[in-house]
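Notes to accompany the following structure.
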Amino acid sequence: MTLKLVIVGGGSSYTPEIIEGIIRRHDSFPVTEIVLVDVEMGKEKLEIIGKLALRMIEKANQSIKLSWTLDREKALENADFVSTQIRVGGLDSRAKDEQIPLSHGFIGQETNGAGGIFKAFRTIPVLMELAEDVHRICPDAWIINFTNPAGIVTEALLKHSAHKKVIGVCNIPYNMRHSTAEMLDAAPEDVKIEFVGMNHFVFGKKVYVKGIDRTADVLQKLVDGLDYSPANIVNLGWTKEFIDSLKLLPNPYHQYYFQTKDVLEKDLKAYEEHGIRAEVVQGLEESLFAIYKNPELREKPKELEKRGGAFYSEVACSLMDSIYNNREDIQTVNTLNNGAIPDLPDDAVIEVNCVITKHGPRPLTVGPLPHTVKGIIYQMKAFEELVIRASITGDYNDAYAAFVMNPLIADEKRSKAMLDELLEAHKTYLPQFFNSRGN
Amino acid sequence: MTLKLVIVGGGSSYTPEIIEGIIRRHDSFPVTEIVLVDVEMGKEKLEIIGKLALRMIEKANQSIKLSWTLDREKALENADFVSTQIRVGGLDSRAKDEQIPLSHGFIGQETNGAGGIFKAFRTIPVLMELAEDVHRICPDAWIINFTNPAGIVTEALLKHSAHKKVIGVCNIPYNMRHSTAEMLDAAPEDVKIEFVGMNHFVFGKKVYVKGIDRTADVLQKLVDGLDYSPANIVNLGWTKEFIDSLKLLPNPYHQYYFQTKDVLEKDLKAYEEHGIRAEVVQGLEESLFAIYKNPELREKPKELEKRGGAFYSEVACSLMDSIYNNREDIQTVNTLNNGAIPDLPDDAVIEVNCVITKHGPRPLTVGPLPHTVKGIIYQMKAFEELVIRASITGDYNDAYAAFVMNPLIADEKRSKAMLDELLEAHKTYLPQFFNSRGN
Amino acid sequence: MTLKLVIVGGGSSYTPEIIEGIIRRHDSFPVTEIVLVDVEMGKEKLEIIGKLALRMIEKANQSIKLSWTLDREKALENADFVSTQIRVGGLDSRAKDEQIPLSHGFIGQETNGAGGIFKAFRTIPVLMELAEDVHRICPDAWIINFTNPAGIVTEALLKHSAHKKVIGVCNIPYNMRHSTAEMLDAAPEDVKIEFVGMNHFVFGKKVYVKGIDRTADVLQKLVDGLDYSPANIVNLGWTKEFIDSLKLLPNPYHQYYFQTKDVLEKDLKAYEEHGIRAEVVQGLEESLFAIYKNPELREKPKELEKRGGAFYSEVACSLMDSIYNNREDIQTVNTLNNGAIPDLPDDAVIEVNCVITKHGPRPLTVGPLPHTVKGIIYQMKAFEELVIRASITGDYNDAYAAFVMNPLIADEKRSKAMLDELLEAHKTYLPQFFNSRGN
Amino acid sequence: MTLKLVIVGGGSSYTPEIIEGIIRRHDSFPVTEIVLVDVEMGKEKLEIIGKLALRMIEKANQSIKLSWTLDREKALENADFVSTQIRVGGLDSRAKDEQIPLSHGFIGQETNGAGGIFKAFRTIPVLMELAEDVHRICPDAWIINFTNPAGIVTEALLKHSAHKKVIGVCNIPYNMRHSTAEMLDAAPEDVKIEFVGMNHFVFGKKVYVKGIDRTADVLQKLVDGLDYSPANIVNLGWTKEFIDSLKLLPNPYHQYYFQTKDVLEKDLKAYEEHGIRAEVVQGLEESLFAIYKNPELREKPKELEKRGGAFYSEVACSLMDSIYNNREDIQTVNTLNNGAIPDLPDDAVIEVNCVITKHGPRPLTVGPLPHTVKGIIYQMKAFEELVIRASITGDYNDAYAAFVMNPLIADEKRSKAMLDELLEAHKTYLPQFFNSRGN
């Protein structure tokens, strides 16, 4: 019996992490073949990663067949799982997503605001194509989508592609659970958070340790200044009044929405001083690949942890293992709402605790949105629908609507210049916009 | 540390089963005290059961303190779990529920049609009082409601009592799972059925074995004539056309709704030949208690299995064990919908797969009702709401509405005589109706 | 400026009524051209009606151009309104709809139960074709659908045809308003009934006279035995208890659902004594056409009123007049729910008070379904959806589901024989079923 | 027969307008008695207005009995209509609502942002008391609520007071209809706008002239720079892209939400140059009352039109006339949603076209929210619910939640100082906050 994993975007600097996860779980999740796929532009990195991965497998002394290729269709044959971790346009595009909005006086961030919208615009068409390929070539395979904005991308695929076996993953819920465990001095496996919301806009509603409600304790810790922000975004802390009003655990990305001015000031200052985050990441990447090249290196190097997306591999490997083994354990993934949050559409993708089975994730009901955040969550979901619509239609008006309805933009006069500049900057990766406009 | 279980209706002939279950699970669910409670009318039976239970515990050599009493309030002190298995008015009342409708030319059945309505009318006020006692005396205790009509009763308590820790259980989903396992030659623990609907009106939507969809096979078996009806109700089989139209697993009680004429004819004939089911049960009960009295008997006797409610104990003990141990396993119970079936009200009680935790059951989303049965399920739920309303208000018009909106009655002209006769027959147990009418 | 009306099924015995209505309203609704269209089978009747209509117009001395034809496409050119009053299969088919179910022990009625389902099966495909023709040839024309089952047919067209300008009409709300006015000794134009439900399953929620709530008075009159049943269906009266429970005005067709046994007994007896209704109607029709032929007849004859569908013309002419003149008055029609009854789907067709404008009917909100009838109304709507689905797919299982989910059938064992006999009997008019089954 | 109108806040400078409206409509709406009511603080103005009103009635030579009083309970006896146009705390309070937010760098406006929230906080408790008085003293009277924020106030009364005959009115829809008529060179009575949303957040979805859809023409006019802003708020125009994206008519208040930065800059500049709007209004008021005092003045002076609220009287008088005469015409008012917009709660108050009857307004269904604005409308409604909750509870956390969830604030760090300053500034009028906090 075979168990084949295809990693799309295999040349990513994160790949060694997922390779390590596969190796570690070999007993319960016995992968027999891994194919790393990437595009022409990432050919060199792909080869570096491929060779490192081979050395890692060799060291682990496991019989996993590993190869790398630019031929995606070939790679997909007989695949059981397809993980995606792509970055359309690479770090250059990310740099533009961060820089252009900032230069217009708006938040410039990889997955939020105008930058996040454009990341979706570039990514969705590419992953739509992948999903159609998967549906044709290996229709029983699960797509495990790491690619950001993970929730929006997953909703786009589930709504608009023929392939319905798509699950989105993110490390934020994992981080929140682990940080909360630390706050409470509990084992992470004993901690459960009831989440409500969407990817990068999820709140924690209740925290249980071994089934006992510890929410109040965690909220107090947050007021006391403990936090669980990952390395890659700001961390300005929360006011007591905010936490007391919501009685919910915010996630770090909520800072963009409730501390917009402070974050913007800080980002503008940081930009002047250090340049944008994408450039920092670019530097990190270069040194990582320098390390990866070392033929003596036969394991995931410590330096990788400095990169933001820690635990992605853990999240993805756990998920694939539970599907494969029909474990029926509870994991937090991005999947169809289907009534879990009655206020949101049944076909919306939410980030929610699910029982993971061989036939996919089954959400646990969350119940109505908490009254304090129901408006903003609903609006963000409606905004996401606008982004998906524009990603598919390539219609300028649809894109404009997404801009003015985004809470971090919400400016019908200033949107035009910023939107036009971003469209021009990312032109190469936005065929849907430029073909439909007759250019 | 103590773990106290109170069994309300402890004099029931089912009690030895639950005692056996407790004994068997002692390692993982270490009950330290059991109190059997009953009412004056059941005093003698209570003592017989109590003594048998003591002998069973003694034989098992376990340190469980067991006692019996008519003083409910005292019994509830420090309780962790309160299970209910009462029969207000006893088998005499059941006999009237079966006989009177039949004599009017309608289905006479314990939990369906006019009989089921009156069972609810008698039961809900008594369990409302219990719930208020629990809320006052042992507010952290879970009420595990066995008492039929289990779904309606559970919804009444969750809507109208202050105590919100109430879970309803029934053996039908358990039976369906086990019968299905047998059909498929699979281990019951490997079989999962996705249920949709309410207690005694639940359908099986999908059958999975180790996560693999086997629904089509089970439907074929049903067409081939295999069935899973319990001993206590009719079993007329299903037509190929019905199964092909629905593509769902009906439960045995659906025969009352889709084979009404045949069931009625059969029941009328059986009534003429053997009398009603309640009388048969009465005979069974008498011989059971004769056996229970035997001081040599130190275990649950084989004869108990002839009684209809097999596996109730298994269902209840599994549930309490999983709550106690925060097992997060999946069980099928009656709890608040909360969006699991978006077409039904959030505060409706449905029979649904739940993750069982220390803080209660968390339903898995079911999604929209299947199009073929959405009408009848919605109507049955609306009918149940009418029953609950009338049970609480004691208003004659509310009761009349429940009668004419029940699919097994649905007769605005013939309802009056039947309703009036049932009200008179059960007068002693219906204070809400007779006080409110000024009698 | 022209104003052209096409009457599809122009050979119907009802046509003189609509012609009379058009003549009477000529000042405000100045029709310039009428074309009567019918099928080959109705050619002779069409000519009789055409000639009578010509004489009526001549007598009224109006400049309306009237013609008749079998060429529907030609007739539709430049039409402004298309009214439909067809009977696929004629009275022969109706006779089968009434007789076959009765012979199986079920209600046999033109628009309810198995007969109503088959009327839908025969009618929907024919009107779908008409709607597509209208959409292609005269896309701005309104289809005013008289054809029964009017609600189901209208929903089928609005859901499945490209033409969205379709309104269904029925005389039941009109009758209820006029009978109520009579009960209250008020002018009909001063009476408003708030309706809730669907065609032939509509309830009156509130009765206002000049804006004053008179509901209680009307309910009392109903209890006292006054009623408003049209000539063509039974009239068994309502019990005080039923009216007191519902606090709603039932419509005459509700007798089939809440007095099923009595109606069935009565219909079976009447069938034995006088044959079925369709045969009575056949006789009426023959004598009507004999009268129509009389070249001296230059107006609608009194005898027409004995036919069941009185006031249809009034209802249709008022509607067309208000659309044409953008009157913004309130009329009760069958149109998309769109939230008027939040419990029902937005795309369901309901019978509801609407403001009538040039751009169509705009429903007034009704609010949530009354708690007593919400179950049965929801179920009937879900049943209607099954009928529509089967009408379109021609799938045997879909038809079977409609049968077992109809409250007047609800018998999974006895449905097969009745369904099969009806399919065979109506074979000529059910291409969708026989092609899809490979016959 | 009597017809009595009570004007609460009768000392308002707007009162002469409503008096003029009453006089003008005397034939169809024959008011027999008017009582002007005000509070101690407004005593002097009340007398000036009362005397002017007397002179106006005398000039019109009508038999309307007019009086003024501070005794509200006495005034309410036998009232048929109670109109409210109060300003709790007067223009001084308004000045603080405008000034304090501006000084914190946020929009300072009478009915939007922090200022609007505080206007609600001051007004709701006062009108709750009025509603309870009305319910006790003249339970059949309609409350016609002019008082801003009119939608929020009306929802608060309908949700939390016993009196359910409450309708909110605003001149924005009236203005939009009249301005649109002007744009299209049509008579205002021929123009209908389908509105969607809430008071001060309403969009025009469709514009019909005599039933013909003219929406596209109006949108083009808006792009061309025509607008319909009232005198009292900014008018910055709309970009072509915004109008093209939404395909809806915004209302002038939408500028605060989609041109926040520009409005804020402009307001800050205006504040520096001319002071705040409240001070301008204060000046206008003073000169108005100087004119009103003139014993020769016997009609509404032209100068009143410079005040912002033009047409309020027209709106209110039309509404009362249609209720009184059961006109069944269509007017745009604030009333319970009841499904008109299925996405919003049934008990939300929306601004919607209604048929006006003696038994109240009946909304026409609007249908699902347009996809571009559904998020922001839903959020604004959820925000309004937070404001109402805080107005009733007086809970600091509830107020904080309203602040951070308002799109014009949305700043969890900067909210505290602004909220605290506003609470302190308005302390006298916020007993619910200061009692509940134990001050």
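Some notes on this structure:
In order of appearance the chains are A, B, C and D, and numbering begins at 1 in each one.
Keep this in mind: contacts are C-beta pairs under 8 Å (C-beta built on N, C-alpha and C of every residue); 3 or more make two chains touch, one makes a residue touch a chain.
Here the structure is a predicted model, which is why all the values come from computation and not from measurement.
Note on connectivity: the fewest chain-to-chain touch steps from chain B to chain D number 2. When the C-beta contacts at A-D and at C-D are tallied, the pair with the greater total is A-D. For the pair chain A and chain C, the distance between mean C-alpha positions equals 55 Å.
The distance from the centre of chain C to the centre of chain D, with each centre set as the mean of the Cα atoms, comes to 45 Å.
For chain D, the set of residues touching two or more other chains is empty. Per the touch definition, chain B reaches chain C in the complex via residues 236, 238-239, 241-242, 244-246, 257-262, 371-376, 378-383, 385-386, 389, 396-398, 400-401, 404-405, 407, 410-416. Contact residues on chain A toward chain B in their complex (touch as defined above): 192, 208, 210-213, 326, 328-330, 337-342, 346, 355, 357-359, 362-368.
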